[in-house]
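Next come two complexes built around chain A: one with chain B, the other with chain C.
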Partner chain A sequence: MNRIAVIGAGPAGLAAARSAAAAGADVCVIDAEPAPGGQYLRRDALAGARAHDPATALPPGVEHRPDTVVWAIEPVPGGHRLHLRTGPADDPGRTGATVDTRALVLATGAHDRALPFPGWDLPGVFTAGAAQALAKAQRLAVGERVLLAGTGPFLLPVARSLLDAGARITAVLEAGEPVTGWLRDPAGVLAGSGKLGELAGHLAALARHRVPYRPRTTVVAAHGRDAVEAATTVRLDRDWNPVPGTERRVEADAVCVGFGFTPQTELAVAAGCAMAEGFVRVDAAQATSVPGVFAAGELTGIGGAALSAAEGEVAGAAAARLVGRDPRPPLAALRRVRRGRRFAAALAAAHPVRPGWTTWLAEDTLVCRCEEVGAGELRAAARERAASAARPLKLVTRAGLGPCQGRVCGRNVAELLGDPRLADGFARRPIAAPVRLGELAAGNTADGTNTCAGPR
Partner chain B sequence: MPGSPDVVVVGAGVVGAACAEALSAAGRRVVVVDRGAPASGTTGAGEGNVLVSDKEPGPELRLAQVSRELWPDLLAGLREEIGPSAAEAEWDPKGGLVAALGDADAEALAAFAATQRDQGVRAEDITPRRARELEPHLTPRVSGAVLYPDDAQLQPVLAATALLAAVRARGGEVRAHTAALGVRRDRSGAVAALATSAGDIPCGAVVNACGPWSGAFAEAAGVALDIRPRRGVVLVTAPLPPGTVRRKVYDADYVGAVGSDDADLQTSTVVESTAAGTVLIGSSRERVGFDDTMRVHVLRAIARKAAALFPVLERVPVMRAYGGFRPYAPDHLPVIGPDPRLPGLWHATGHEGAGIGLAAGTARLLADLVTGADPVLDPAPFRVDRPALLAEATA
Partner chain C sequence: MSERLTARIDGREVAVTPGETVAAVLLRQGRRSWRTTRGAGRPRGVFCGIGVCFDCLVVVNGVPDVRACRRRVAEGDDIRVQHGAELPR
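Here is the complex of A and B:
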């Protein structure tokens, strides 16, 4: 019970595990991926063969549970109980376990957000993150004529990963203001963060490959019979309404879209953590509103890998203190968190998703792809059925009830209907990952309890 | 709405929606208020059972039989009035099959069905072999079964919102996100207005249809009412091929749990598929107050019984679980009718896990009592001043 469980092995989770272990705590890291690193530190195909990678290595003594999902979390006296399944989701041989933990660090990260538009459900349309993962993990180029559209500085490293994998990018389309604005303010929020150099490097790479970078422009439709063959791009006004007469049809065999990130909050919500504007609320020690539960990384606000790692270090130290260890105060990490949060706030302010995107949709444009629910159907449900809360809206339209359980469509539905509170209802998923009825029925007899007992 | 409403219904769940519909059909000017969105509480967490099979002979079964007769006509009327799209409620008279998994259960089930037949329920004893012809994936361990052709299914949120759409079409109003705070009384002590978070609504009558929160609203209005929450959880699977589960299929021990006073976890299996192909697996009953923490041992208990009934489900992924609070009175009977302690206050609550099914009959009975028409069934067993309720309220 005196053990710290860290969920997620990206920059935040790794840093939390390291700082808690450095303070002498028993630490168990639970991660859905086969190897530590998360989305950001995903090793490329060749690097993955290396035996030891200092960037993603866990300290000796830390137990690592890869390929493992936490499908439920519940309070028990003195802490929380995590219910795990290990192995591929479709493998009947995957095994169950429970872990009781006094201190829990949630570092579940975020996934990138796609906005719907006519044709976004065609093969050949990717999220920017998925395209980058293919490029980094499998050296797979998603296309020969790639359009990359979205908003925020994250588009640039994606473009670079695609170029490195041999993809050819027709253009990078930024729906909002150009990130080059950051470069004009060298003393501003990016000062000293190393971000300016990164940005400049990415822009230089685009220039080298003669990839145009177009601000206030986006993809509003993808065309093709069985797969993407072309896309319509358009200039946007300040609110992201298309500027009439600026539509252009561009040949493309892949369209990658990234409109910021959505945090993976289901475990935090299931644990009862207080939320604010879609993110987990934390104090200076990364403690959530629930005693014994800490959160670090994109879960608390979108700020990038460096901020995530700093938050993880602070959370790991705080968790170690809770289980009776005496870690050194993580003063440097706390400073990095403060500076990083300023950057994160500026980033959020500079690259918001503007409401005009809802005008890109046709009535029959699918908003929920899993259950094939169109924009018109959702608007009709809100109007005719007065469905003004998430549960009734889901049950009337079936939006958010398919395999992704609203992870992709929740925020888009909420913004489409002009009620951001709806998104919180879509984030409520007490069964955080699908579990077979037989696995549930097998019960605790098949699940060793406390099997994540630290060093053995 | 010109002038004040005749009646304000507090609660836009299926029971409040049905009462509002029945009252507006009877010519009353109706306003419905709810502190949240329509159908976002108990109704949104319901399975959609319209059952006669699970009720022992007595007044609740009578109410269930009346409701079962009313629902198809009610829905047909809504289709005429507001159109098929707005009235769609996924009504499916698929019938129910109760399966016993041991000899003792089979005997008990057969005896129980016989008493139901005496009250006019269509309940057909069938052999295990026939049961497995009707439900090919049913466990071979089935030892006896009863077929209830009149059990049916409704999608609760669609049903409630369709009823409310009709209320609006007739000039009534639905005010969501408006909390009822209590009632104002006139000099005689009768209801003069409903106090809400958006101001007073003058009216002649208030209907308490707050489900598990009915006791709290009654108290705010100044009268005691012993309605308590019981938590129920339902599992939902990934979509399955059509025909995997054809009816509502229950374990015979379902009947035992409904009227029980046991505070500990009870589960009884109800398995059925929905229009979308997913299978709903209910349900648990627990007295945990309004604690909505999802407990894994509850999910496991439900899963175990469902897998025993339909072994084919073992390989199926469970996509989600949802929980809600069902309102129950100490004697497990609904409370329907006027409150003699506060003229102008009416109750329509306490339906436990059967509110979807019982809503139509409840609404008709309430409207009959409000308008002075001949009541559709004997209202006496449901009155608020029955001994079982008063004893608890004063205890």
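Here is the complex of A and C:
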């Protein structure tokens, strides 16, 4: 019971595990992927057995549980109990187990946010993160003529990965101001100077491949019968309303979109952690409002891998202290957190999602992809049936009740209906990962195996 | 990439590389969609690519609702298109 469990093995989780282990704590890392690294440090999955990689290595003595999802969390005296399933994704034969922990570090990361537009449900429309993951881990380019659209600096490394995977990129479309727009906050930009060098490298690669980078432009429609064949691009005004007369039809077999990120907060919400504007609230030690639960990385605010790693290091040290160890104060990491947050704030200010996106939608444009609920239906439910809170809205329209549980549509529904707070009602998912009824019925392994928790 | 596995896609044998996801195998075969929606019967394939959106569902060894982007192919896997809401065999 004196163990620390770290959920997620991206930059934040890895750093948390390392700093907690360095303080002598007993650490278990639980991760849904087969190998540590998360999205940012995702490696080539086809390379077979590979050499030791210091970027994703866990220290000796740290237990690593790959291919494992945490589907529920519950408080127990002195800590929390995690409910796990381990094995091939979505397989009914996965092994169940529970882990009791004294200290928990949530490092569950974030996923791309996609904004809806007519045709975004056609096969061939991907999130930028999908294109990135398929290129990096599976050596696969999602198309031969790719349009990449969205906002923020993440579009650039995705473009680079696509080029490396052999795709031809028709254009990179930035809905907001170009990356150079950050110069308006010189201090914030300076705080992330390392990142800027990286981005300059990506821009140079785009130039070498003669890929146009167009600010204030986006994709407002994808066309095709059963898959994407073309897209409509348009110039945007400051609020992201399309500028009439600037529509262009562009041939494309793939459209990749990324409008920032949404944190994966379901475990934090289920644990009862206080939230602020969709993110987990933490103090200087990365402690959440729930004793024994720490959070690090993108679920406390979108700031990239370096900030995530710094937060993870702080969280790991704080968790080690909680279980009775005496870690060295992580002063350098705390400085990096301060600097990183400044950069993150500059980034968020430079690449907001502007309200004009709601004008891209037709009445029948799906907002909830799972339950196939259109924009018109959602607006009508809010207007005519006074479905103004998340719960009635879900029950009237079924938006957010499909298999993704509102992960893709939650924020979009909220902004479409003009009430950002609605998104909180879509973020509550007591079952944090899908479990088959047969698995629930079978419970844990017959012998109650609980190898992760050790002697209690 | 020397070692190869064999899987079946809609009844046809294909050679795959260990570590490949079901989604990557399907995309490499030139497939862009492999599911139809429950309501309008519309085609879907990969969207988020990291297990969040549940668009890329596929039937693996008779079990429906498997995320193709998360599932790595195993030797002998029988993979087929999913039509609407299916019940396990």
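Just so we're on the same page, the second predicted complex is superposed on the first by the 426 of 456 C-alpha atoms of A that agree within 3 Å, B and C clash if a C-alpha of one lies under 4 Å from a C-alpha of the other, contacts with A are read in each partner's own complex, and residues count from 1 in each chain.
Everything below uses one rule, namely that a contact is a pair of C-beta atoms (placed from the backbone, for glycine too) under 8 Å apart; a residue touches a chain by one contact, two chains touch by 3 or more.
Predicted model only: the values in this text are computed from it and were never measured.
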{"item": "Touching partner for A:R391 - first (chain B), second (chain C), both, neither", "value": "first"}
{"item": "Residue contacts with chain A in the superposition, chain B compared against chain C", "value": "C"}
{"item": "First, second, both or neither for A:F126, with chain B first and chain C second", "value": "second"}
{"item": "Contacts of A:Q138 with chain B and chain C, given as first, second, both or neither", "value": "second"}
{"item": "Partner chain in contact with A:P403 - chain B first, chain C second, else both or neither", "value": "both"}
{"item": "First (chain B), second (chain C), both or neither touched by A:A227", "value": "second"}
{"item": "Touched partner set for A:P88, first chain B, second chain C, both or neither", "value": "second"}
{"item": "Contacts of A:G278 with chain B and chain C, given as first, second, both or neither", "value": "neither"}
{"item": "Overlap of the chain B and chain C footprints on chain A, listed as residue numbers", "value": "92, 371, 403, 434"}
{"item": "Chain A - residues contacting chain B, complex", "value": "72, 74-75, 81, 83, 92, 270, 272, 371, 384-389, 391-392, 395-396, 398, 401, 403, 405, 429-431, 434-438, 440-441, 443-444"}
{"item": "List of chain A residues in touch with chain C within their complex", "value": "32, 34, 39, 45-48, 88-92, 111-112, 114, 121-127, 129-134, 137-138, 140, 142, 226-227, 264, 369-372, 402-404, 407-408, 434"}
{"item": "Residue ranges of chain B touching chain A (in the complex, touch as defined)", "value": "36-40, 44-45, 85-86, 155-158, 161-162, 164-165, 174, 176-177, 235-238, 276, 278, 281, 293-296, 299-300, 303-304, 306-307, 313-323"}
{"item": "Chain C - residues contacting chain A, complex", "value": "1, 3, 17-21, 23-24, 27-28, 32-33, 37-40, 42-55, 57, 60, 63, 65-67, 69-72, 74, 88"}
